[in-house]
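Across the two complexes that follow, chain A remains constant while its partner is chain B and subsequently chain C.
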Partner chain A sequence: MTEEKFGILLIVPALCLLAVIALYPIVRSFHLSFTESGEFVGLSNFVSIFHDERFRDASLTTLLFFSISVPLELILGIGVALLLQGKFKGRGIVRAAHLIPWALPTVVMAIAWKWIFNDAYGVFNDILLRLGIIREPIAWLGLPGKAFFCIIVAEVWKCVPFVTIIILAGLQSIPRELYEALSVDGAGYWQRFRLITLPLLRPAILVALIFRGTQALGVFDSIWVMTGGGPAGSTEPISLYIYSTVFRYLNIGYASSMVTIAFLFSLLFACIVYFVLTRRPVEY
Partner chain B sequence: MCTSWGICKPFGIEIRIDSSWIFILGLIASTIGQALAFFLIFLGVSQVLIGLFFNGLWIALIGWFVHSAATPRYREVLVKEMLKDLRAQDLMDTAFETVGGSIFLKQKILLTILVVLFSSTVYAQGNKARISFLSWPDPGGGFEEVVADFKRENPGIDVEIIKGPTSTDLRQDMYVTSFLAGEPTYDMVLMDIIWVPQFAHQGWLLPLDEWFDKEAMKEFLPGDVEGSIYNGRLYRIPLQSDAGMLYYRRDLLEEAGLAPPETWEEFLEAAKRLENPPIRWGFVFQGKQYEGLVCNFLEFIWSFGGGVFNERGQLALDSPQNVEALAFMCDLIHVQKVTPPGVTTYEEEECRHIFQEGNAVFCRNWPYQWTLAQGKRSPVRGKIGIAPLPHKKGQSSHATLGGWGFGISRFTRKKDACVRFIRYITGPGAQRKLHLRSGVVPTRRSLFHDTGILRESPYYAGLFKILLHARPRPVHPDYPRISDIISRHVHKALLRQNTPQDVLKRAQSQIEKIVRRQRG
Partner chain C sequence: MSTRSVLFFVLIGALFISSVAPFAWQLIASLKDSSEIYSVPVTYVPAKPTLNAYIDVFKSRPFFRYIVNSLLVSLGTTSLCLVVAALAGYALARLRIRYQGALSFSILVACLFPQIIFLIPLYQLMAWLRLVNNPLGLLLPYVTFSLPLAIWVLMGFFKTIPREIEEQAMVDGFSRLGILTRIVLPLSWPALATCAILIFVGPFAWNEFIFALTFMTRDLSRTVPVGIALLSGTSMYEIPWNQICAACVLTTVPLVIFVVIFQGRIIEGLTRGALKG
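Coming up: the complex of A and B.
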């Protein structure tokens, strides 16, 4: 048996497991998306989706959420990782403490943020009032634009540590000599970051981006708890709409069509990121 | 290494071992397996905590797999031990189930084994009919008491109350999940009035007309019965009634020499005269985007002579009366400013807190607020009254009907026991007890004249009048979707993102599509 064949043999169990828990549901929902209450209806579900205002709004909300929160998380994550990379007293404690938001169950942190943004008892209003920035309390979660802002803040707060830890791992693998060599050549901090850190972090960024990106496209729990999709439906992502369609409207075929579209979205995103970031290998 | 039960052949030598030894060995083996699993999970979690995230995750997952492997082993050992001294007659039941000739016995046996393996309760049962339903957590304990009484009178029936979460939506999800799986997890369905059309349309409920005739249903409040009927058949027996009403501060109104308002004009006048914002607001209602907003909205449009459907049963959401009513709602917030600006984020409990702390003159809420606002530590105790909601001059008020009742699952195998229990719990005696213990509003007319109940809740005389005129929400199998459309659009108007006319027109066209598809 060649080494290659043996390798394939070794991944067979994992592939079987994936087929059962990932492939089957995808194929099944793809199949269901052409049915309605058990009957085959062809593409009619997809046609109605393109005329569905609520689906359009939900997609826009999801995309907006994705395109604001993920870059923010990435930038902050890289920043924090660079800070935590440096040597200072109590680094271990700071690194551990910094992980707390990520370790908290999302529902717990979402309830906490819901209270922070509460209009009558919230800390956020209290601070702004004391600083004199606002005159009277604002119902943060009750107004469309502001509620969206709150959700982004909570999500970014929770997910930056995740990005940080992956970037931190990536930073460990960059050889010191490269920096030394560039310093000898007289490069400043910014040049070292741009010419060494960023290119060599590419694999780590790829992982972080794919994880956070697909999660942001499927965001559910924090929004479910904080606003339930309101006010006036302005913070409803696709996943919440799908949930309502299955459990409240019992329209499984229609929901499956939305699942299929959302899945293709995520797949497309993952492919783009993958190809863009692995296009040319970095060589020194 | 064990080839069959009790006979082990290590190294080819046949040894018989006493079954209790096998039992103990098996138990030890499976317990060690479980202990190992828990240790791995613990190890994994602690690694995650000290920062080795992926390592820890792996170990915890492996532990979880081991645990799930060890658990069936443990159950199997237990079952074998339980079965060892039993003869067939000990377990045989005279009320056996027949199987069609075409079914493969293999399936039947497999099914039986699965049932025995996974229901740990089978042995304690005896041949009692066991029926269950999912309820809300009942701190008053009324349900438990009534069920205990029932069991005493019907020793052959065991009723199990499965206590569910407080959230109505979550309990609905739990029922829906078990129905979608076609399982008799819950023999009876304790349902909200708005679940009836949807559940009945899906064929998940048994029609009850056979056991509860028209004459018997006349004893109940008319709206509650009307909301329990879908396509001409009865699917639910009402247990708890519920309707929206106007709570007012009797002390303030009396001081100012005002009577409880009947029309919106009187209401506005009183609210503006007695309010003193931001310490005391004129009015609070449920303005968040959710089911509660739809209830409030319906009351407003009914009080302006409108409705979701017109007299001919056609969808008429964008009728001039409805537009006028919605514009009035918006004015209350933005022009008259009698409500706090945050009212668009309020559910029932926010309203109750504000009213109960004395920060509002009027409040729209359900009957449950009375008991709490009249509680011992409530600042407004003894200072409040209830009235029907106001209406436009020349029109009349109708409350939105809520409430709960019992249906029977299509998947149950014990419908006679269910019927008997439902008859008991919706009877006058049980309802009185439920009221006194858990504050459940009765659904039987006679109980509103019951001296015991009136002594406990004197305001019930007034509530009776409100309930008699209460209306159910639109009866349609797609009601949840319709309700979501209404709440989204009405909320847009309340936030002043669109005009009342515009939002109702859009909601109308979206609901039209659903209604049309349903017909087609």
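Coming up: the complex of A and C.
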């Protein structure tokens, strides 16, 4: 057997799985988005979506969620990575503790936060009351803006560790000599960060951005558990709307059209990031 | 101590506390009895610590069954994915194949889309294959979506094995398959172990939610995350919060221990995987 034949034989199982489980559904969704109850209806689903206020609200919620949570995660993740980079006593313990939110099921941690934000028995209200910041318990998950805030807190808490790991990896690849050269020039901490760390971290930041960004665009688990999209649909992202369109309203064609639009959005995002990623890196 | 190092330790302390506090709060709540959990003001130390909630959760729901289902699916996913990824990763790292770059890139693309994109046709596919409520119905998608990261991590490792070892084995009359199974794979066990950990705690084995919610419609087929999520609120009768917290603690403690032991390996594994690409 030639080397190439053997190689292809080894890749075939992986490619078959990817073709059937990942590629086929994308093609199939695209096809379904032009149908209604199995009949071909052309672009009519897309026309309806264009006038669908619930879809517009869900898109805005998703975008808002994306543009608040992802930058927060990146900033906090970079901060924590810088903090955990150096050697200190107990570093292993702190690193392990910080990894815990990442390793636990998202739904389980969303439940933990739902209990923390509970209006009557929640510890968050209790602490605020004891500190005298609020006078009356607040129904955190029952008010539109506040429920959104709670979801962001839970999601950011869960996802920062992932960014931290990627950034820690990026920090390892920065040669020490660069910092030494700059400290000879008398540069302070902030300048070292701005002139060396940040530019050289760019690939790591982009990797974190791709992974976190696509996940944020499809956010489902934590919102499903914490608010179910409520109150009054104010925290419903696209993925939750698609889910109820399929499994509550049984409208597969319409849901598939939304999937196609969501797919194009993710693709656009991936392309933008990929374009930025492959631009010529900074050289020193 | 200088102000700078005081600030450092304050930040480290804050990081530690914020990382474990929600989890610690679950633990405290799970030790309270049914009346204390709903008492106002909130108590921070259980007045009469009890394990009743842990016993009750097994009585009120087939929780043991959820754990067995989850173990079955996630261990199956981990082992099958490791085999498929090791084969593909080796081929992509070592063998001369046309369109190699395009192939490895298209494998990575699969993890660039949120799960909801795949959900509807996958559900239809599973229904057609009669895999709804069958662990295989989760195993197949989990293996597939874990593959990109696993292949990427293993590829990075295989590239670091010196070529001379394989060339010498060729001279010694090993077949291509023999080189892979009797030389390369045994040499790679640390990378394989790291990769197994990453698959297991990654988003597509023990922790996955939306596929499990959709493809497992019978109560007895459910996995732990779905079982727990359905404990709170949406079910026919409300389950007390101390039991919900007990269920959460039960499923998280093994993972916490796991993370504490393998913290170094996880960070190292993701480091290799994420940046060598």
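We adopt the following convention: the second predicted complex is superposed on the first by the 265 of 284 C-alpha atoms of A that agree within 3 Å, B and C clash if a C-alpha of one lies under 4 Å from a C-alpha of the other, contacts with A are read in each partner's own complex, and residues count from 1 in each chain.
The working rule: a residue touches a chain if its C-beta (ideal position, glycine included) is under 8 Å from a C-beta of that chain, and two chains touch if they have at least 3 such contacts.
Predicted model, so just to flag it, every value in this text is computed and none were measured.
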{"item": "Touching partner for A:165 - first (chain B), second (chain C), both, neither", "value": "both"}
{"item": "Partner chain(s) touched by A:120 [first = chain B, second = chain C, both, neither]", "value": "both"}
{"item": "Chain A: partner with more touched residues, chain B or chain C", "value": "C"}
{"item": "A:247 touches, of chain B and chain C: first, second, both or neither?", "value": "both"}
{"item": "Partner chain in contact with A:53 - chain B first, chain C second, else both or neither", "value": "first"}
{"item": "First (chain B), second (chain C), both or neither touched by A:99", "value": "both"}
{"item": "Chain B versus chain C as contact partner of A:14, first or second or both or neither", "value": "second"}
{"item": "Contact residues of chain A, present in both the chain B and the chain C interface", "value": "95-96, 99, 103, 120, 165, 228, 247"}
{"item": "Chain B to chain A touching residues, read off their complex", "value": "48-51, 53, 169, 172-173, 176, 198, 202, 288-290, 341-342, 344-345, 478, 480-481, 484, 488, 491-492, 495, 497, 510"}
{"item": "Residues on chain A engaged by chain B in the complex (per definition of touch)", "value": "53-54, 95-96, 99, 103, 119-120, 137, 139, 141-144, 165, 228-233, 244, 247-251"}
{"item": "Complex contacts: residues of chain A adjacent to chain C", "value": "1, 3-4, 6-8, 10-11, 13-15, 17-18, 20-22, 24-26, 28-29, 32, 80, 83-84, 88, 92-109, 111-116, 118, 120-123, 126, 129, 157, 161, 165-166, 168-170, 172-173, 203-204, 207, 210-211, 214-215, 217-221, 224-225, 228, 238-239, 242-243, 246-247, 252, 255-256, 259, 262-263, 266-267, 270"}
{"item": "Chain A contact footprint on chain C (complex, rising order)", "value": "8, 11-12, 15-16, 18-20, 22-23, 25-26, 29, 37-42, 84-85, 87-88, 90-92, 95-98, 103, 106-107, 109-125, 140-141, 143-145, 147, 151, 176-177, 180, 201, 206-207, 209-210, 214, 224-226, 228-229, 232, 234, 241, 244-245, 248, 251-252, 255-256, 258-260, 263-264, 266-267, 270-271, 274-275"}
